[in-house]
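We just call them A, B and C in the order they show up, numbering each chain from 1.
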Amino acid sequence: MRLEIAAFVSVVSIFSVAHAETGVLMPKELSFKSKECIKCHKEKSLVITQQWGASHHYRANVGCYECHQANKNDSDAILHYDEYISIIVSPKDCGRCHEKEADEFDASRHSKGGRILGSLDNRLAEVVEGDHMMKTPGFPEGVPAAAVSGCLQCHGSEVKVINEGKLDPATWPNTGIGRINPDGSEGSCSACHSRHKFSVKQARNPENCGKCHMGPDHPQIEIYEESKHGIAFHANKEKMNLENAKWILGEDYNAAPTCATCHMSATPDQDVTHDTGMRISWNNRPIMSIRPEVSDARLGLPGKEFSWEKRRARMKNVCLNCHNEGYVENFYAQYDAFIELYNTKFAQPGKKLMALAKPLLKPVVFGNKIDFTWFELWHHEGRRGRHGASMMGPDYTQWHGIYEVAKNFYTEFIPELEKIAKDNLHSDDSARVKQAKRLQKWIDKVLSSKNHRWFINKMDPEEAARRKAAQKAFQERYRE
Amino acid sequence: MRLEIAAFVSVVSIFSVAHAETGVLMPKELSFKSKECIKCHKEKSLVITQQWGASHHYRANVGCYECHQANKNDSDAILHYDEYISIIVSPKDCGRCHEKEADEFDASRHSKGGRILGSLDNRLAEVVEGDHMMKTPGFPEGVPAAAVSGCLQCHGSEVKVINEGKLDPATWPNTGIGRINPDGSEGSCSACHSRHKFSVKQARNPENCGKCHMGPDHPQIEIYEESKHGIAFHANKEKMNLENAKWILGEDYNAAPTCATCHMSATPDQDVTHDTGMRISWNNRPIMSIRPEVSDARLGLPGKEFSWEKRRARMKNVCLNCHNEGYVENFYAQYDAFIELYNTKFAQPGKKLMALAKPLLKPVVFGNKIDFTWFELWHHEGRRGRHGASMMGPDYTQWHGIYEVAKNFYTEFIPELEKIAKDNLHSDDSARVKQAKRLQKWIDKVLSSKNHRWFINKMDPEEAARRKAAQKAFQERYRE
Amino acid sequence: MRLEIAAFVSVVSIFSVAHAETGVLMPKELSFKSKECIKCHKEKSLVITQQWGASHHYRANVGCYECHQANKNDSDAILHYDEYISIIVSPKDCGRCHEKEADEFDASRHSKGGRILGSLDNRLAEVVEGDHMMKTPGFPEGVPAAAVSGCLQCHGSEVKVINEGKLDPATWPNTGIGRINPDGSEGSCSACHSRHKFSVKQARNPENCGKCHMGPDHPQIEIYEESKHGIAFHANKEKMNLENAKWILGEDYNAAPTCATCHMSATPDQDVTHDTGMRISWNNRPIMSIRPEVSDARLGLPGKEFSWEKRRARMKNVCLNCHNEGYVENFYAQYDAFIELYNTKFAQPGKKLMALAKPLLKPVVFGNKIDFTWFELWHHEGRRGRHGASMMGPDYTQWHGIYEVAKNFYTEFIPELEKIAKDNLHSDDSARVKQAKRLQKWIDKVLSSKNHRWFINKMDPEEAARRKAAQKAFQERYRE
């Protein structure tokens, strides 16, 4: 049974056959209305009709009208040659045929990416980087172009209809995965299934995920490319059978995994899922890594009932197709230890120290240099290391990741905190003096703790001796 | 008619057929002289003859001698087994057959890249990074190796002939696109059409442009790879028909655009052009983005007569093959708003403040820390954001781009300026004191302006209230 | 003769044919023991058996048992259904058939990567970034997770067996190229020849090398991708004949070189080698570039007897397949001049100044900001420039490389040194005062030297005049 070949009841104006399992009906031929669309668009938008012509939709007799139809009362309905249509095809529209996929996607964090509006990152784009100079019909008070061309292109805009179905340029074009659509639905299927070919092959390509999962703060694609998984993929791309409708690891391909393989696709024991969080056991987004059911609970998602242990069991089920149990268990021991290291040594004390420093700072978020220092420590560098460890990309784990965390912790973050404390020790405001003392006390406490005392030249003597011996041994065998 | 298959009059020593449209004659068979070359080079340079054997030149009976021939009086002529030849095949040589392409290229900024010698960037390579330790026959006073292996490999060297056609190692090997050749011509066709296969397929590959359009200061290839365009290309490379002589979007391929598609190649309405600036409507190279006809005028190029509106119309004509008008109009609204944001909020005030600081700085370009801070703000980070917005690469627009601009503007640039002002306020030199006061006044003016006053905790109360409400709403839906 | 098709004497339980040249015997059919393995693993590890089924090993009747067999007394022997096997297949195991390859690899620096334990980089992972929180059976005192998931994944771990052949999670999974194996051998063949397909095609792909040769401190893959070599590879990948057993440049392919082509693979005059240092003429790893025979001597490798001139002659032999002699000679003039520039202008004075500063620093390695400044100058930025020049990647040479070196030398390193000197000039400790004076004297000496005096506004007047003239000429032709 191919999920892609399906159709929906509402527009069937010709004889159709009932599809037993999905309950949707497939048109026996392309609808009259779609044929009318194509007559003209073959002239005006040749490439779009060609791309559609190469799609499974074409073969299933799903045409322009089947997806773009609208009700007269839809806020984004356009009267177009006697028919109501809309530009945006939302997950609600796709879900008329692809119900399972739409439901899974709706339950995922992916579809909620647009809710970032108002968050800390958003303050960056709206206030720090941005302005209110982009004035559009939908935003007469102005909107920050930095958010429009930046954040929202991955997270998704809240699409505004300005007149007769026309979409506001501050909110469209936009294929952000958490787009808030005029019909109230959340998400954008075309974030991954690019129109108008909607190619599964493309969706299974790692580059597809890389549109958003890249760069200084979430370099998953770079890490994948570095890893053995990415190397095997690029060497064997033509053997990946990426265009096959059914794509079960070990049945339909075996040369390499892509992002989809591990996070979404079918194994002999698991169905494909469009809720991409169901196999991950850490959420490495926040300052400190947390369990995915905890973060799902914050968004009120059904995933709150699905523990990290169950998710990890699913991922292990994927791993075990190519690796043995000892390997997989040991990998998770390495990954967990890395998260623990980052959380305990840097994130936790950093968070505490920032909280203590806050009353001494200019009360403007990102108005102090240390706001950026701390932000990049966890949001950029800390994530890079954690993501690197999660996918076995050693360079991202080390040089792009935890090395940068440590360097900036000791040479930027701590000195900036010490300066803040010092600058306030002789303030006229006794509350500030008190807070400065507390801050300095905690800085000292952190630096005197087991993992940091090397920095103040107080390494545990036993450890120092052990290290000295190791270094001597090294110098003997590797004199350079 | 295939432009690639052509030949030139001067060397035809055998029967040839007149080519009606181009006016050049095609040899009926490979010339005697080229056959002689190959007899020996098959032994000495097997791979080169193999690559040539795979080229269109081979099929058009264009051999070694046809391209490498020289006149006795050419400065780089070498007497080689009784024939005068030259190592470099310049655009003038290629233009004997490929006249239209050579003319277009000669009118482009691409072919003028070598004129950078003496510019600000060049000071970097020659003085700041470099030295005069590389002494060659052509440069007995020494030349900076940093320029030779760095800048000039993209921009092009001014090739020096040292003796009997031998080329100076400070200037050759070099395939910089704006190379200044011994025959006085500007440019290098092999910058893109790598010898000795001269493959259109390779030239149409995005990686080909990436040799120069990459890295911290002009990451076009990285942005393309991130964009939907690059994703579609990599997923559908084998369907791109890249080896086809005729390569018209919508006729010969429809799966994805490459760099060439949008900036050079044919559409149903437009011919291919080798002047790559003819479809761009912003020049994002300078401190502030300007219109391309303005920058073309500065170089005395014919493009000075060709307005950005006309160029944008050409680009839209490309876009409309795959996108509808509303989409394209809205995209340009987003792009223009981003440029406006960057120009107005950061570039303009930054430029003004640097001019005011200059009399207070050590009078050595790049002799002050702030010279680098400002340089990277516009030359690296500012460009990254602008290029990102121009090609819909959200991560480059945001994290690699405008985020870095804003961060460094507030946490590096402004504090450095304030320190300069402060350090000079009590100078013995009254002119310095006066200038320091002016500088501080302008810093205050910038920070009190609409787009910056948030930083000094003076956000417009109405906006602050609006933001607070938005943040509260956010916290309700996304509690993490 | 195909090296891949070989077998070893010890396990042959069926009729076999003697292989005349290698002296090893090839099984006529798959061994009974391997057949037994597969019966069960087809169920438990389907993909592994599929990958093996696509390998040359399958066609040579080399199965699971032939590689994984162990002796009862091996420290990592596991009793598995009545047979002793081990998880790790070490170079010693591979060498039973692939003797020449194993010997060459054993002589290479690659196989010695694990000896880094105890080095400077290692201090970073163990102390600065790390902790001792990862407690495993093999490391009851704790081991730093930063090293486990970072450094050791490229350099190689020292594998610890914890019980009955089970491997300690702090040391396994690990495919670092210099892994120290339970049998005492050094290296990991699967670092490049990923199990269980062991594909030569994959090993010849540049991405394969990129698992380790990437990132801020050794971006060889990024440089290759930027270079003409990488561009030609990606445009012509399908013509590279990468799966061919014999892979001689000019006989079996001619479209582009990969990493393997230049550093390892066969040319008409050279055999393939698994000692990848045998064609390089500079070791760009240390602070100052040195000759490879010098660094090989420090490790006691046989390469100490093989001069850089001989190695360069081998590389030139590769180059000359596609380039002429003048080109190759000139390239090396450019490369050498760049190394000389970096060594003389930045590395040598930097090293001297750091040595002078050391007595004035907190006596904790990486306990001072300048430790990181200096480390990144040579270890990150300096290498990037040098590697860029070595492989003709202009952007890495310039913007990622020597530009960063120069910027940080003048705006970070020198000012930090000056502050250290100043802070100690009025110390109570006369030895510190004396050292501070020495340091300041040397800073002045460096800044007054030929290559640096521009920075203190004392450029040689003649040079200044020459530069002014050049700049004027530039401004006339390129007014922007």
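Everything below uses one rule, namely that contacts are C-beta pairs under 8 Å (C-beta built on N, C-alpha and C of every residue); 3 or more make two chains touch, one makes a residue touch a chain.
Everything numeric in this text was worked out from a predicted model, so none of it was measured.
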Legend entry - Type of chain A:chain C copy interface by residue overlap (half), same or different: different
Legend entry - Fitting chain A to chain B on CA atoms, where both chains share a sequence, rotation angle to nearest 5 degrees: 120
Legend entry - Distance between the centres, which are taken as Cα means, of chain C and chain A, whole angstrom: 32
Inset, instruction - Give the residues of chain C that touch two or more other chains, as numbers and ranges in rising order. - result: none
Inset, instruction - Going by the contact rule at the top, pick out the chain C residues touching chain B in the complex. - result: 225-228, 230-232, 234-236, 249-250, 254-255, 268, 320-324, 326-327, 329-331, 333-335, 337-338, 340-341, 344-345, 385, 388-389, 392, 394-403, 405-407, 410-411, 415, 450-451, 454-457, 459, 463, 467, 470-475, 477-480
Legend entry - Residues of chain C defined as touching chain A within the complex: 45-48, 50-51, 54, 87, 112, 115-119, 122-134, 136, 144-146, 148-154, 166-167, 169-170, 172-173, 175, 194, 197, 199, 201-202, 205, 207-208, 210-212, 214-217, 285-286, 295, 298-299, 362-364, 366-367, 369, 372, 380
